[in-house]
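One chain, chain A, appears in both complexes that follow, with chain B as partner in the first and chain C in the second.
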Partner chain A sequence: MSHLSRFTSYKHDSAILPTTTQRVWFGILILTGALLPLYLVSLIDGRSWLILFATAFVAAIGAIGLNIITGFAGQVSLGQAFFIGVGAYTATALGSPAVLGPDGAVELIGFDLGMVIWLPAAGLVAALAGVIIAPIAFRLEGLYLALVTLGLVFVGAHVFRNWTALTGGVGKGREAAELSVLGYRFDLDSQILGFSITREQQIYWVMLVILIVMAVLAKNLVRSKDGRAFAAIRDRGVAAELMGVNQTKYKTLAFAISSFYAGITGALLFTVTGFIEPTSFNLLLSIAYIAMVVIGGLASIAGSIMGALFIILLPKLIDLLFLGDVIDAVIGWIPGLGSQTGDAPLTSAQIERILFGVLIVVFLIVEPLGLNGIWIRIRNYWKAFPFSY
Partner chain B sequence: MISGGLDFGVTMGAFSIETSRFLQAVVEGIALAGIYTLIAIGFVIIYKSTQVLSFAQPALLIMGAYMASYVSITLGFGFWVGIAVAVVLSGAVGYLTERAVLRPMVGKPVFAVAILTIGLDIAIRVVVGDLIGVSSRAIGTPTSEGFGAPSLPWGSTPVRIGDAGGLGGVVIQPRVFAIVFTAVVAVGLLLIFFNRSRWGLAMRGSSFDQEVALAQGVNVGRVASLAWIIGGSLAGVAGVLAATSFTGLSQSSFLIALKALPVVVVGGLDSIGGAIAGALIIGFSESFTSSYQSQYFPWLGDNFSQVVPYLVMVIVLIFRPYGISGTKDVERI
Partner chain C sequence: MRTTLLSEALPDAGWNGSGPLVEVDDIHLSFEGVKAIDGVSFEVSNHELFAIIGPNGAGKTSIFNCLSGVYRPQEGSIRFLGNSIISTKPWKIAAMGMARTFQNIELFPNMTVLDNLMLGRHSSLDYGFVSAMVRAGRAERSETQNRQIVEAIIQFLELEPVRKSYVAMLPYGIQKRVELGRALAMSPKLLLLDEPAAGMNTEETEDMARFIMDIKRELGIGMILVEHDMRVVMDLADTVLAMDFGKPITIGRPRDVQENEDVINAYLGRPHAVVETQPGGTA
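Let's look at the complex of A and B:
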């Protein structure tokens, strides 16, 4: 690294934003993020853009969580969908009012508490679930977490489908918790100091603020002793153990934190659409989060955010770049596929899933550091410009 | 499960309804176990030769089954051509996977390779899922020659044992015989291959220690390719056999390959004998749950049997983390 000489102390080297340039860039990025809604709202499809960005910010929290266990601690988890589900239902059970049936019996559990309670509770309950499952997955080294969490997704999906008092049941679902703090509703249009603010703008800002808080906390975690322990376990478990890192303890910690982040994502994700369908928490959702982490960049917080933005904005990207037509042309020759042969062409949701898979494979082989790695390479190229070597 | 067709009318003494139900669950369990065995052995062979846990097996399985259905029914070449194409093609895709996608990842972290196979799986699965379409497809039967697919799968001349005036009796579909036969033959051939042939010896050698095998002149790369070909073909055969059931081949047929992962864990990741034992345990737990759970534990919900394999896996991981016959890891720095 070319900037070695600029660090004069360890504290300086491990700072979250060590250089002035980085601090300035970080400030500009946050400012752009904060001011973007003022522009987006003027677009014709501004509402959908705002909602997409807000969803991406929420997804980024879950992606950061998955990156902590997979990217930093090196344990593959397929269980993100399950923990998102746990977070979502904890939040909605605590945050929305109980629904009574015609005979006065409780049809849907609900406690009608505020966001200050249901948001952290969603994270904590998910983390608790993680701590309960961890001992089973971490008895052995290797890919056992992937296997246990794979099972977890299916068992969880079964529970969500059948526990109708909590989830409302398949095809019925239930409403998500209300996005409000101390009586102030973020999910309604409002007026502040004479400016009119739309519902979508408010949701955008709330999600942005929560994402920034969660991202800074994660960044702080991975530069600490715990973060170094995670990396040591990932790079060589036995060696880490010999240096005094208690593998089971730190793997459990990483898994709990990862589940906490997933829980927060679950709690917020459905406040945007306002509705939770119990079949949402399937393996595909987990794979979407794996795609975010791999495409964004393993072991990188900024990468997780880039990956989440990329995956959530992918449908728009497919439209803009006519990727649907490209894929159609590539696999259209297979009889039965593609519009050329007159059979059922791929829907945009299917194209999205194919891209998840293809991009995971391509990034892992060609650019294991993900979008973050591409960014670092571009940055280093211009740093030394015109001496590119 | 009673279908039209010939009643062999084998009289072996009538069974009561309860006995019939129990034996029927045993029969279904054996059928499931046969399919699980084929998939699980694929997992084990790939894992032993390349240390890769392949999450791409579901895709190979559903692709093989689709190719069989396409060749045998849509193109009308008949069942045997269909199954041959399925075996060859899923083996070929396994080979391509290893050469194009996994070879560049040699030496990369295990978790990265596992994620890569997940990506591969979803990409192939979505394409095949679209090819299958929303309604399920038939796979054909050995008795149908060329066009003219029969309406019921596998000829449907079930063997009935112990029928008492239509009240009891065990129905054994021909597919159960086919599954057991295929599983036994496949395991037998593989055992002969591993114990008697040069390539089998090379595979055993390189799974024992890759570097030593290399030094003895074993082409470890080819061994890895061969493992993926075998793993892919086994998944393809398993897919065809799974699709001979009444539900046929649908977009969700791949789930059976994911349920074979608990089989591998229960049996131990690196043992073929363990895979068979695991397949029997998981197959029976699933079939017995499916016939008794709705009566005794209805509150567990519909289709609870589908999650039983995972629950069994969790129980085994708690009490016997290395599976029934897996070897304990001893690691050196």
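Let's look at the complex of A and C:
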């Protein structure tokens, strides 16, 4: 039915969810997402599931950011880990109390402000970093831009390691900002109307709400004048300029918005575990985000979310599907390689890294449109069912 | 069936000022040792269809690139709507009302026809990114108004069936039409058409010629046409400039240019006269 409906206004035609069917299914999806914690909490490992989902929601915000700059605006960026780091440390410096050393000197910078301040501030400071970096993209494209943004990750890693007054230093780290609004703590178990709600459930719901808000904002952006300008620059920069698009302005805007999203992710990511280690913002983190975007689907907001869920839930999937044993067995068969690891099985982190690489390769070859592309094909199949076209 | 005239759909197209639309005065453009344009001057007035012809490498597309700001001529001046645009950024020239199509299609292949045309409206959409993200009333209104304009162009160019198709999937002839549509969506005061009939069969060429004639009649905007199909040029143009090796051969009414001995010789590769650079030029 949905594909046969006629629209009576252009506003209706360009809506995010134009048909009733789509709206109903989307509602069911949101409702399932919202009610899931009530079931998950009853599982034996329910806490870890809830934390994993919450982490995936936060990661999805960063993946949307990366997709805006790379998928929509076509500027390949490996610098996402840097912008996430900028957001994380802005949030923790503003949101947690200062720590004084035994001699009364400030050991860790801190302002102890509320979440309503540190969350947007983390996004804005990261966005500012993006604006400063953007001029590089006026001159470089593709591989060259990727390499420069990669350099950014190494510069950031160095700064985070050595600026101990901000980060606490390697091996020591510092506590993340407190997840609380107007004195209400989301990171503690609580009672609402007689129902007991766990810390993990609250974190899950907070992150889900923030993700939905950020995703809707991003979806609106990419279906607007600015989103079209991004795509035009990606497809043909010179032609875009000749159609009235100021490339300098829109590349800067894309970097700023993308970094804003990364900053928000950085600010929230560590409130889940409560602790930030300065070596977290490395190349592997950037690659994880590239993997989310490529596996989820380039130039797709829904794809970014699917990709983030997939990558973050991967360790659980590995456990569920006994993939660890399979990979161990395969590696055991390779002469020389198996003997190096000896009888000790691979750690899940090692398996994860192997799978990242394998999945990026497989998706790029088999399904360049990512999970989103697979979803669209399934949807179109059922739309036309029982006919093939 | 078309329900609106282009002039109703695009009220902000065209120019009401007086004087010539474009004045190109003795421009010179060279790449290292190669002289691409060597002392070309012409004027295009409002409502005029001005054609530039010449063998391959004559410098026709280079003139377009100078006009739209991609190249900056080393000497000479270009005035558009009375203002010098010699060092104006391409996107600003576009926003002033100069639209163009390209010899080799330069559409955005991963965008739909609708989005390609909506991109043509870029300079007319007056909302910022914050308004876009929250889809404020202003953004919604602006999108809807401009969508109406784009729909009128879709109707004019008979693109209804492919409205939501990705451009990369469309046949060449349709893509050429989409490109004309994108240029029209810019509400131009001057339209540059770079070989609109190149690579098209007779029927498609006739369609394209009809669209250009309709644009001329309904919008009355100035146009500069570069075209190798001489029937199209002779049928449509008011004035023709013939060039070879970056130099003008002659300028005049289509029939006169067609019968000009030097023009015929230029096309046949025989020696011929050109308008030499005025004394004082560096050439």
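Everything that follows uses one rule, which is that the second predicted complex is superposed on the first by the 361 of 389 C-alpha atoms of A that agree within 3 Å, B and C clash if a C-alpha of one lies under 4 Å from a C-alpha of the other, contacts with A are read in each partner's own complex, and residues count from 1 in each chain.
The rule is short, and it goes like this: contacts are C-beta pairs under 8 Å (C-beta built on N, C-alpha and C of every residue); 3 or more make two chains touch, one makes a residue touch a chain.
Just so we're clear, the structure is a prediction, and the values are computed from it rather than from any experiment.
Three-chain overlay on chain A, with chain B and chain C fitting side by side and no clash. In the superposition on chain A, contact is made by A:V361 with chain B only, not with chain C.
Of the two partner chains placed by superposition, chain B and chain C are both touched by A:L242. Taking chain A as the reference, the larger set of touched residues comes from B, when chain B and chain C are compared.
Shared-chain residue A:L221: touches chain C; no touch with chain B.
When both complexes are overlaid on chain A, the residue A:R379 reaches neither chain B nor chain C.
In the superposed model, A:Y10 makes contact with chain C only, not with chain B. Note on the composite model: angle chain B-chain A-chain C, taken at the C-alpha centres, equals 80°, rounded to the nearest 10. Judged by the touch definition given at the top, the superposed model places A:A232 against chain C, while chain B stays out of reach. Note on the superposed arrangement: chain B and chain C approach each other to a least C-alpha distance of 6 Å.
On chain A, the surface touched by chain B in one complex and the surface touched by chain C in the other have residues 234, 236, 238-239, 242 in common.
On the side of chain A, the complex with chain C involves touching residues 9-11, 14, 217-218, 220-221, 224-229, 231-232, 234-236, 238-247, 253, 257, 299. Only residues 70, 74-76, 78, 136-137, 139-144, 146-148, 150-152, 154-155, 158, 161-162, 234, 236-239, 242, 283-284, 287, 290-291, 294, 298, 331, 334, 336-337, 344, 346, 350, 353-354, 356-361, 364-365, 368 of chain A touch chain B when the two sit together in their complex. For chain B in complex with chain A, the touching residues are 53, 55, 70, 101, 104-105, 108-112, 114-116, 118-124, 126-127, 129-131, 133, 258, 261-262, 265, 300-304, 306-307, 309-311, 313-314, 317-318, 321-322, 329, 331-333. By the touch rule above, chain C contacts chain A in their complex via residues 68-70, 89-91, 94-95, 99-100, 102, 106-111, 115, 118-120, 122-123, 125, 127, 129, 132-135, 139-140, 142-144, 147-148, 151, 182, 186.
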